[in-house]
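Can you keep this structure in mind? I'll have questions shortly.
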Amino acid sequence: MSSSPIGVVKRNITRADRATVDRLSGFGVATVHEAMGRLGLLKPYMRPIYTGAQLCGTAITVLLQPGDNWMLHVAAEQLQDGDVVIAACTTDCDDGFFGELLGTSFHARGARGLVIDGGVRDVKELTAMKFPVFSRAISARGTVKASLGSVNVPVVCAGALVQPGDVVIGDDDGVVIVPAAAAQRTADAAQARTDNEADKRARLATGALGLDLYNMREPLAKAGLQYID
Amino acid sequence: MSSSPIGVVKRNITRADRATVDRLSGFGVATVHEAMGRLGLLKPYMRPIYTGAQLCGTAITVLLQPGDNWMLHVAAEQLQDGDVVIAACTTDCDDGFFGELLGTSFHARGARGLVIDGGVRDVKELTAMKFPVFSRAISARGTVKASLGSVNVPVVCAGALVQPGDVVIGDDDGVVIVPAAAAQRTADAAQARTDNEADKRARLATGALGLDLYNMREPLAKAGLQYID
Amino acid sequence: MSSSPIGVVKRNITRADRATVDRLSGFGVATVHEAMGRLGLLKPYMRPIYTGAQLCGTAITVLLQPGDNWMLHVAAEQLQDGDVVIAACTTDCDDGFFGELLGTSFHARGARGLVIDGGVRDVKELTAMKFPVFSRAISARGTVKASLGSVNVPVVCAGALVQPGDVVIGDDDGVVIVPAAAAQRTADAAQARTDNEADKRARLATGALGLDLYNMREPLAKAGLQYID
Amino acid sequence: MSSSPIGVVKRNITRADRATVDRLSGFGVATVHEAMGRLGLLKPYMRPIYTGAQLCGTAITVLLQPGDNWMLHVAAEQLQDGDVVIAACTTDCDDGFFGELLGTSFHARGARGLVIDGGVRDVKELTAMKFPVFSRAISARGTVKASLGSVNVPVVCAGALVQPGDVVIGDDDGVVIVPAAAAQRTADAAQARTDNEADKRARLATGALGLDLYNMREPLAKAGLQYID
Amino acid sequence: MSSSPIGVVKRNITRADRATVDRLSGFGVATVHEAMGRLGLLKPYMRPIYTGAQLCGTAITVLLQPGDNWMLHVAAEQLQDGDVVIAACTTDCDDGFFGELLGTSFHARGARGLVIDGGVRDVKELTAMKFPVFSRAISARGTVKASLGSVNVPVVCAGALVQPGDVVIGDDDGVVIVPAAAAQRTADAAQARTDNEADKRARLATGALGLDLYNMREPLAKAGLQYID
Amino acid sequence: MSSSPIGVVKRNITRADRATVDRLSGFGVATVHEAMGRLGLLKPYMRPIYTGAQLCGTAITVLLQPGDNWMLHVAAEQLQDGDVVIAACTTDCDDGFFGELLGTSFHARGARGLVIDGGVRDVKELTAMKFPVFSRAISARGTVKASLGSVNVPVVCAGALVQPGDVVIGDDDGVVIVPAAAAQRTADAAQARTDNEADKRARLATGALGLDLYNMREPLAKAGLQYID
């Protein structure tokens, strides 16, 4: 549907297959994004709060109101082991919706991390806990608990549509969403891509040129590239 | 689905009911957005290229590649009278994807306007034609026709999900999307809101206070507001 | 004081002298800013919602919470003829805090305009009413009435400190704040500057050079400027 | 050279041929940019200060220091009829480097307009004078006259390299630079493009599709575009 | 006052009580911000130049001109052990106002760090020195020493008002200002908040839900939240 | 020349003298920028992908099309030991043009690093390789190989003009370009500056004031600085 309802928590969602999620967790975001046909990437302003943060899990989606983190508490109850919370906001807001206490709670409930199109705080503590968080901002400014949003409705997070149960993968290169139904074929394509790259890497490391490996010389000439001295 | 396929044109789409679209065209974007429960608004960086630009119609969706407007030509063939083209791009790009020639073509094919999460050019000519365009940028830099995108797949445009056939409404306040299935009840709610506002406006114009009209004094006191001299 | 309290409305404020405000209303923002010694200017992202919007009056200050316009209704009651409402927000927010109904109310209560470090909507209607508004954004997204802020406390709006009763002046070049205590000497300085410029303008219009009018040749040479052919 | 010297004014520069500049003034920026092979465009944040501003002339280049407009006064003396002043700054700065008095002076000395990668003020007066200005910002904050820059050295303005004497063209779509040596062939290419477009426009206006006019159906099919119902 | 004078150095300022500053240094910025009633936070674009940078001290305020760091040298003389320099600029400027030499000087004079609404450089050296700096940008571009600003006048830094002698606290979550007069009650409130959180953390770590700990179920139901399967 | 041609690879370029490049590699970017007379710095949005990244070498310039990294493969063949690839794009684009495979190739061909006014990916792998990269963004979104750009033409990268063979220096403070012809005198000036600073540092470390070291007291008094108590 085109718009998500406000004030709704969906309890039963269909999560992507666990074994497939585990397979996907072995690939980087850049590889998965390519394997998806270059779709599903969140905008590059979404960054990990510490270098090396990595997450892969099934989406519990949250729709927040600006300056209000009530729905993150509601989402905690819906968490299962292996989930990732992915939160959108009805309007751009950099406030610190999430910090150490919620991180402790999410972790205790089995969450593998958080992706939030808003701000977070307690960066030092979350880093010490190694709880992976990807956000648009860091801000000490806390939030209230006054307005309803929703949990487990489709959301648009940093420009990407996310359905509850989709696979969410994040690393230093960003965050990508793999629809549950596409998880298996994406894992296959990512594996194929990775296998293929190993050979390429070895040859490039010896000084071989992509121009030759990828047979680019003819199309470049055809496109009109001129070499001058 | 969570990700739109590349290289697909869907020919048969279900458009919102014409009569309902016509009713919706009588309301402003702010009113419709409220009537929707504050959902469906594109981000405020989307602005009309001339003051007073207004559009209301059924969505022909387009997914573009950066710096490439090939799919806008493909979309032209899918237009019916009363449609609005709404274009997203796989990555942020301010290039001028659209100008006077495409505007002439779209207009001739019945389009009521364009909403594009990218740049446009020929602003002077489009303004003279009174062809309403809402965009994220204005740029004279043209585009190539080399990479496939899609037409009439679900797209995320400026943060909002749009399905082909949804109602797209734009005016000086921004752009809002009404899902086809929600069009009628949104029109009803917008009418109710407008009726209610007429009375409020008249009373406020005489100097009556919102504090009294909306019975705010008690909740403000309860929330702890203090008046000091 | 360094931080403004939340939940307070100050009823009795000392406004800048009316006659001085009227004098200041005859000068442009650029002139007043120079006359102030280049102080008091709001950041340049604050723009009028229509070309030619102009305002000059005494400040009723408002501190808003993000996505909440409750305090604007509270401020309406504090308005006197000749006031300008100047609103800050505790965190950056582009939502449409203000529209035609509040504009009708403010106008009926004597307000000369609004300056808001947030978004507004109903741009078409406000323009038709010729109600001058300066804002950081235009957004159809409305707000709730749930969280307290304050009225007539010191606020920081778009980077400038404003006390209730200060003079607020806005035109196509931006918005400047003149402290009530500095109003008279600023008006005098603005007048002197304007008188001085009339003569300069006449001479420049005949082709005279600023290099000569302002005696710049010697200091330029001293600073080491070289002319080459 | 890769870096422009500070503290230098070059008096004798080679301007693009007048007749060619006049020919180029008949084309829009979008057309000229295409005719250049999609090169020479300033970044799209450069906008006219009033709708419909248009300029075409030969470049007097200026390198400014932040918050300092001394070199604009120096540039005034170097102006010849038909010149356009194009100013870069050694660091990003939105201050109002230019206003009505300098505008009066530049106009009196024959300037056809200003392009400045900084802020300007006196927008109302400059608009009344119909003096075309393109800038990155509008700001009432004035500048000092204390630090040397240069005049008629190569500058990078809003991402484009400009040599003194190059052709500068601006309209509602942005600003483009045509190197003096490329002016004639660019004018020829722009004319050819314009002639070609007239026919296209007429056919598109009757409902003909770009798909057919530009023979896109075969390459689209070859690229793999699928039509589904 | 609403505007700070230019060209003034105030020598005698009243600093927040040392013992209270020391107490405050034991709390994080997020905790102090909450304890302040969510006031006094600088905008989140202010970031530490290295992970883990932390500072707490009494404010020496500086008002700079763009591209000019003269006043930082003047401020050095006003430093006492335990002070933090907090610098605003009359206009947005990302230049590198501060580097290793000034850092050496500030450190030798007893400064506990720098907060600057501008750019800094020598990031590697400052990090090696463990001199904590929070800034809006990093830029190798140095500055001149030509224009007067002020020291120990009230300044607006990154959206927050700062008086000389206020407490400035910075960590990975941002920077917050505690007015000298509010320091003691803020420290008390921060301590109470911290005590209260320890218990909450322990319970959340065992899997208890905020929904229950904070008694949210009833207000959520009252607000209309619906659970669906 | 003012505009770089598209579709050209220049094979023979004149590189800055190797010994001089080696000397320059011993200085930081801030020092070199000062030694250049404050010229040649890229805009501060260009940041290293890992803390401590450092590079110094001779420029192989690349002009890219948005979302297309074909020319990086072409550039690989032109690399000599000690070169740095510096890439501009014809329009702003944050896509990930470069990753581990190209990094392997560039490294194997002798490159000392990459500076790109676009996005990169495989940050973790590039960091592990210690291949220094400076970019405007990090994005997992890959690119196509379809449109021609150029190699070893003059380019404008992040606001600075770069000629092939110029010296490119990057560290935590940013990136600076030294024209080949200015390399030697810049190295000399940087050395003089460094020698001079060592003495200053020692004196500042003892608590001496810049006010005295730089003889600022008299000019400050002359400029009108007032000390008040």
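For reference, chains read A, B, C, D, E and F in written order, and residue numbers begin at 1 within each chain.
FYI, contacts are C-beta pairs under 8 Å (C-beta built on N, C-alpha and C of every residue); 3 or more make two chains touch, one makes a residue touch a chain.
Treat the numbers as computed from the prediction; the structure is a model and nothing was measured.
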Given chain A and chain C, the chains that contact each of them: B, E
Interface sides of chain B and chain C: same vs different residues, half threshold: different
Distance between the centres, which are taken as Cα means, of chain D and chain B, whole angstrom: 31
Inter-chain centre distance, chain B versus chain F - centres from mean C-alpha coordinates, in Å: 42
Geometric centre distance via CA averages, chain B-chain A, whole Å: 27
Two or more partner chains touched - positions in chain A: 38, 90, 92, 94, 139, 141, 147
All pairs of touching chains, each written as two labels joined by a dash: A-B, A-C, A-E, A-F, B-C, B-D, B-F, C-D, C-E, D-E, D-F, E-F
Footprint of chain B on chain A - complex, ascending: 1-6, 36-40, 43, 90, 92, 154, 156, 159-163, 166, 177, 179, 181-182
Residues of chain D touching chain C in the complex: 7-12, 50, 70, 73-74, 76-77, 94, 96, 99-102, 104-105, 107-109, 119, 121-124, 137-142, 145, 147-148
Of all residues in chain C, those that touch chain A in their complex: 65-67, 90-95, 139, 141, 144, 146-147
Chain B partner contacts - residues on chain D that touch it in the complex: 28-30, 33-34, 38, 41, 44, 47, 51-52, 171-174, 176, 197, 200-201, 204-211, 214, 216, 220, 223-229
